[in-house]
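Input: a single structure, listed below in structure tokens.
We just call them A, B, C and D in the order they show up, numbering each chain from 1.
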Amino acid sequence: MDYAERIRTSFAKQGMMTTLGATLGKVSSGAVEIEMRPSPAIAQQHGFVHAGAITAIADNACGFSALSLMPEGTGVLTTEFKLNLVAPAAADLIVARGRVVKAGRTLSLCQAEVFAVSDGQEKLVALMTATMMNIVGRDGISD
Amino acid sequence: MDYAERIRTSFAKQGMMTTLGATLGKVSSGAVEIEMRPSPAIAQQHGFVHAGAITAIADNACGFSALSLMPEGTGVLTTEFKLNLVAPAAADLIVARGRVVKAGRTLSLCQAEVFAVSDGQEKLVALMTATMMNIVGRDGISD
Amino acid sequence: MDYAERIRTSFAKQGMMTTLGATLGKVSSGAVEIEMRPSPAIAQQHGFVHAGAITAIADNACGFSALSLMPEGTGVLTTEFKLNLVAPAAADLIVARGRVVKAGRTLSLCQAEVFAVSDGQEKLVALMTATMMNIVGRDGISD
Amino acid sequence: MDYAERIRTSFAKQGMMTTLGATLGKVSSGAVEIEMRPSPAIAQQHGFVHAGAITAIADNACGFSALSLMPEGTGVLTTEFKLNLVAPAAADLIVARGRVVKAGRTLSLCQAEVFAVSDGQEKLVALMTATMMNIVGRDGISD
């Protein structure tokens, strides 16, 4: 399987993405997009998209970006991330754009920008930096 | 309304908590617990609880801890958090325990430990540090 | 005073920069560079530049980037940062390049990339994301 | 060598600690303290201790805490940390208290609280969470 197919297969296994109504966008080598439509089902108390939902797609955009550069059969686990929220997420669509900053043998540093899109205008709502770990030969953790 | 009632009202408004099946646990001054039952609907590709779901309850545990120390009518928004994941989250129950480390006039530093509970045994799976901002007099953002 | 002069004045007041042998590089609106020459005096146990020294110039590059966009008389304080270290810092010169990602009324999100430069080749060694706070009307905290 | 001796030897090799005037405090299994006396040489523009100096001792307190639990000959490198600053650091003495939250095979999660001590009273000024990596068999990186 090429990396794009591995990512689509892995994405499809994530119940969390279905629950959030998230879909995989553009997939390229070292960069992955994920989209999500705001709704009351993923909102916090003021009606904005919950930081947990934003995190879910940003984390995946980072993780799949890292996975796109790993050999087949290697799994990826998040070891840590930081999310800075710079504006309330209210829009027609939320897009997380992840990319690999530095791919390493054991750890990869990734970054994701999250945008709120309304009437075709994009506005930055959050920025994530994340460390992803390559997992080889551990049962149940691959692709 | 006292702080516990404000927190319960605010929690009930969060569609994201209903979507995740999360419930409010112990609420005290400066400390709040949130629980969630693992299921395929909130899983990532290997079957563990998705980091986005863990973040959602840890962020809320932090935010409500901060809110418990704020005057009525003050809103709370997350400005940033970091989550370190130290073990895959697989268990009967996931519990996030938030507390305020330092309450400030504008910003409060909070921390949440997230545990996987199986057969009554608790295991640390994640640690969050988060900055919460007091919001006063902004439309639509209170409690 | 224009922003460049305010930044040069503020930089000159920092004993820490003198102690590290750091110098101010290019200063523009929303972006500031700081340079430092590796030496045993700022090394850790394996001879690489200490993460504390890298942090000092990255934090300043972020803080002065934020300050460049603030009105005269406003002070800046760091509320938090995260630093990811992606390679050991060993080189002829270390350069931190800060820029403002989002300037807000109270908080600004900044980012700094830190490079090791050897024989004119740049290599990324660290990435910082930082939150800077505008301080107005607090004694002793301006510019 | 036992862990305390390995830590003392490693600390003594760090030019950065000498430059900052930092000294090693209490060393125990999984927990290490480092102290530093504020002075203009480590100050930022308002006269407070620079975040880079605070980071240097907090990072070391975390790294040596992790090292205390590793077998002899294993080196430790910081992969990332986040520092939240909750009060300006002005005092007679600054103390960083690090401890291991979770020791892993490859990565260890550590935390350090940094206190300003004046007239025997301690005040929290900063909180760090850090990820340390075990390094085995890489030239020049041990203890």
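The rule is short, and it goes like this: a contact is a pair of C-beta atoms (placed from the backbone, for glycine too) under 8 Å apart; a residue touches a chain by one contact, two chains touch by 3 or more.
Keep in mind it's a predicted model, so treat the numbers as computed, not measured.
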Remotest chain, chain A as reference, centres from CA atoms: D
Result of counting contacting C-beta pairs for A-D and B-D, higher pair: B-D
Euclidean distance of C-alpha centroids - chain B vs chain D, Å: 29
Centroid distance [mean C-alpha coordinates] between chain D and chain A, Å: 33
Where chain A touches two or more other chains at once, by residue number: 79-80, 82, 84, 131
Of all residues in chain C, those that touch chain B in their complex: 79-80, 82, 106-107, 131, 133
Residues of chain D defined as touching chain C within the complex: 10-11, 13-16, 18-20, 39-47, 50-53, 55-57, 59-60, 75, 77-85, 88, 140-141, 143
Chain C-touching residues of chain A, taken from the complex the two chains share: 82, 84, 86-87, 101-102, 104, 109, 111, 124, 127, 129, 131
